[in-house]
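Consider the two complexes below, in which chain A is the common component and chain B and chain C are the respective partners.
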Partner chain A sequence: MNAVTTQPRRPPRRYRVANAWWTVPAVLYLVLFFVTPMLTNAWRSTGSPAAAGARGIWENYAVLVTDPFYFGVLRETILVAVIVTLVCILLGYPLAYFMVRKAGRWKGLILFCLIAPLLTSVVMRAFGWRVLFANRGLMNSVLIDWGLLERPVNLVNHPVSVYVALIQILLPFMVLSISSVLQAIPRNLEEAARMLGASKLRAFFHVTLPLSVEGIITGAILVFVLCNGNFVAALLLGGNSVKTLPLLIYQQFNLTQDTSFAGAMGNVLLVIALLGLWAQSKFARKQGG
Partner chain B sequence: MSLVTVRKRREMSGLALGLYTVALLTFVMLPIVLVVIASFSSASFIQFPIRGWSLKWYVRAIEYGPFMKSLWISIQLAVASTLAGCLLGVPAALALARSRTAAARTLAAFLVAPISIPAIVLGFALLYYLSAVGIGVSFFGLWVAHTVVAIPYIARTVLAVYRSVPENLEEAAAILGASRLSTLRHVTLPMVRPGIFAGSMFAALISFDNLSLSFFFGSASATTLPVVMLSYMENQFDPAIAAISAIQMLIALAVLLLLERLYGLDTLVAA
Partner chain C sequence: MNKSVSLTLTDISKRYGQVTALKPMNLEVAPGELIALLGPSGCGKTTTLRIISGFETPDTGSVRIGTRDVTGLSPNMRDIGLMFQNYALFPHMTVAENVGFGLKMRGIAKAEAARRIETALDMVRMRNFGDRAISQLSGGQQQRIALARSLVVNPSVLLLDEPLGALDKKLREEMQFELRQLQRSFCITSILVTHDQEEALTMSDRVAVMGAGEIRQIGTPQDIYARPNSIFVSEFLGTSNIFSGKLRSGFFVADGVPALRIACTGEPDGPSSLVFRPEKLQITAAGKGQINARVRDVVFRGSQYTYELTVDGHEKPVIVYSQQSFDLPGDGVVGLDWSDAPVLLREVAE
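Up next, the complex of A and B:
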């Protein structure tokens, strides 16, 4: 049989409206106001040149890793982010699944409830949890009225309120990441598994869940990075009971003005974020290939 | 197992998941609803149950100079940084979206990178850099900083939308004799408009509530609303903060409803 030689061949160069020069302004802007500041910050964190004699280049970083207090802060920063990320996955997945597969006409309303909090100020949400958790707040007054509590419990300035607020702030990001991937999984894959005799749970754990892992990873990295950058929850609800790096940077900047040390802490935070990005790119490549 | 039991069990599991969803959404909405309720309290200290209702905290919030002044600055800043982000981000995204070279992929990742940097680190680094080059704490400094974050949000959605539309439409326009400029105006830009729009909304809303980036640039002449709210709340715990929060939310909600009317929420989430 003759091969289909008459098929029109694509032109060697596809027509493009935009050319490479169009990227120049944005790239230049980011080099000037994003890359350079980050690099000068890295330089500053090694100690100002004048003080370099007194302080070695890695002095600030050495303090961060060896000093028990700062090492504790570093550990707590990562711990908080890991716990919040895990809780968001566990809480968020069923919600995303329900929204995509079961909600039907309620989907719009669920989406609205998830996006609406993102429009409010983080200060407002922290304030809301204070209203709920404060000594004379809603939770105490309700629990005492019902006879479940004798004396008010003060959850403000307690780690619990920091965790609760962070989970509430970050959960929508997780649900939206998972649901956008779930949305793209054809429903009939699951039905095929069911028809071939798999139980409902088996079909879920062997078909749907593995296919949606990408959404979980995207959401996890997003939540992890955002959690690492959030100092408002720890500042307004923790009352120094949860000490994280962003909170310490805020305090260093406001009180002590030790800029080179704050810069070093910022870079450590940055490294944590970059590790997250690296994990994501590695995963994306695996998924693509 | 009879068919009836199967159906019943399916309904039960659906119901349980539904109840779970309602409970979790209540948890997500709770603090916001509480703040709105508290803003209508007449007491000078927030406590429950609320004894009397009034609008006096809204009056106080509106009369309190720093709130209104910084609100206006926040609005200007959100608009200005989104515009700048569009001017820089859209052409770059159009140029990069369809190129399959490694360089294009790297540049696209670079454009989106500022999102992944903790804002507090970026703000801190930018403050000292801008002070060194003579811009420092000013509205202009805030504008420069917020534009750095606006570019990725806009580039990201435009990249996604432009990749999803068919490639040959522009080619067809060019073959039919349209100039590059009119192809861009009448074919390309209308196709990517949802992406520009969704990205702009993201960028504007992020800027409107970007505390971590803004608080480093706080000066007497130009401070944004979240920064003023934070410093107010560190000192006081009265319902005026609830009232100004509600006002801010109302503005953001109006923007979101506008987007919903024009394009639907799904566009915003899909990108």
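Up next, the complex of A and C:
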């Protein structure tokens, strides 16, 4: 919280081995494979060779915002991200708290369980959920065996499976963001609050929670931005029941091949992501005082 | 001005698995009294503090504040103030919000709370600091705010956990007096947990020296200093010159130093030790004292000289404090004398 960072001092000039030319390969690489595609994409999004004729520069963007279908998709994209983020906060905070304050020697194991899935491809995990949620999948057969269900419920191609998969994919980012902040809060602050007459719950809400808001915000923005860009879950589990921008971009490229419209949608996603990062940096600066 | 009450610990004990942190312990703190729990780390003083404050449940025994049995009560219901070693001030609140936290938890009206916060800040001479952030305060200022925060709610008992440990020496000495004065003026029953003997001696009415999970000796600072009941206590409190030896037919004779022979009547025979405090020893001309010693080193410490002497047959150096410096003979041999009788202990150091 205390933004007292001491900049490491640079060694005197004559001891410096590195010079600016050393960055040339990296800069070239970035220009070639990052800046150029971005600019191409921006340029492409302004006009469509496919639609012969006079579409204005902002035509693609205008369609996105005015056309009820596309605006609906934009809205659903953000809605999915907001819901997933909120659920991740609700599930992630208690887990992070437990991990930092109560788990003791089990903390390492929990951390491993959180990080291990990140080493598996998102596509594999989405397929995993398909197997679990399928008509004759594990979930249905177990629930029917236990007599909790009469007939199988098909969750594949249903929004629930998309949400579940997204939450599973993104929860680790939330937990790690929150736990790293919780870790830094001295435990005796809670004890001080208790000694001053606060119940466990009030000590949490007056001391621990306010001090960990930074972790929640960081985690929320991370999850929100990553969720906005994720199309695998909607593609493999949603079956068109959840239409988000990334999914639509994927379809524009593969089916309609309207690359300029896809480019425009990509730029909108980019702007949303940049807004998120901007909000986070603004918050961080405010916290730093 | 305060509802001073007593604090009574009866047979409290605590084990963690195989480790006994605290043997059954009894302690009675009189209303308004300040008792220091003094001991090395791992002696059980912190466990005792955590049992009193309610963060640990004792395996046996009870904690009573006045007539109230608080053994099963959670920390927030005990009406105890605790000043933490590192102050534990809330970094997301201002100074005034920190001090007012306990009042807020007790649901005290804003105007009344503001008045009490101001009085408390006045009391610790931090009147105009209410709007400051905690990170803007120095260590000593944080310490005052922590004190104000724990006193503003008028607790029945005040616990001080190594309160001055984080301050530098000069500030620590100042704060010892200030803390003591505030504690006296509030007449609040207090327990000071410390491993610093000077802090314990200067601040407390009584000192309880703890070791290995029990109270080894309890009494006024003067009493414990002058009459330690064991080698452990004598070594932990102040500097001691200990001669081990044997008591036989009314005489103590030090091992290896036959010249050190003192009449001790009324004590049964057996292994014993003599304890000499450094300021009770005097340096004389060789042969004029009770035994002879050789000066190995002299250190000037401002208010006094510290002499380090060796005595033939005695392994450890003998420390003597003196107000004056002496013209030492060429061979460094001097006499050692004492006016007050040394303390006889019926045990020998391992």
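Convention: the second predicted complex is superposed on the first by the 249 of 289 C-alpha atoms of A that agree within 3 Å, B and C clash if a C-alpha of one lies under 4 Å from a C-alpha of the other, contacts with A are read in each partner's own complex, and residues count from 1 in each chain.
Assume a contact is a pair of C-beta atoms (placed from the backbone, for glycine too) under 8 Å apart; a residue touches a chain by one contact, two chains touch by 3 or more.
This one's a predicted model, so the numbers in the text were calculated from it and none came from an experiment.
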| item | value |
| --- | --- |
| Touching partner for A:207 - first (chain B), second (chain C), both, neither | second |
| Partner chain(s) touched by A:40 [first = chain B, second = chain C, both, neither] | first |
| Touched partner set for A:197, first chain B, second chain C, both or neither | second |
| First (chain B), second (chain C), both or neither touched by A:114 | first |
| Chain B versus chain C, judged by how many residues of chain A each one touches | B |
| Contacts of A:189 with chain B and chain C, given as first, second, both or neither | second |
| Which of chain B and chain C A:240 touches, first, second, both or neither | neither |
| Residue ranges of chain C touching chain A (in the complex, touch as defined) | 53-55, 74-76, 80-82, 84, 86, 88-92, 101-102, 105-106, 133, 135, 149-150, 153 |
| Interface residues, chain A side, partner chain C - complex | 1-2, 186, 188-189, 191-200, 202-203, 206-207, 210-211, 289 |
| Parts of chain B lying in touch with chain A, wherever the complex brings them together | 14, 17-18, 20-21, 24-25, 27-35, 38, 45-49, 87-89, 91-92, 94-96, 98-99, 107, 109-111, 113-114, 116-122, 124-126, 128-130, 132, 144-145, 147-148, 151, 155, 167, 170-171, 174, 180, 183-184, 187-188, 205, 209, 211-212, 215-216, 225-226, 229-230, 233-234, 237, 241-242, 245, 248-249, 252-253, 255-256, 265-266, 268-270 |
| Chain A - residues contacting chain B, complex | 14-23, 25-27, 29-30, 33-34, 36-38, 40-41, 44, 91, 94-95, 97-99, 102-103, 108, 110-132, 134, 136-138, 141-142, 165, 168, 171-172, 176, 179-180, 183, 225, 228-232, 235-236, 246, 249-250, 253, 259, 262-263, 266-267, 269-270, 273-274, 276-277, 281 |
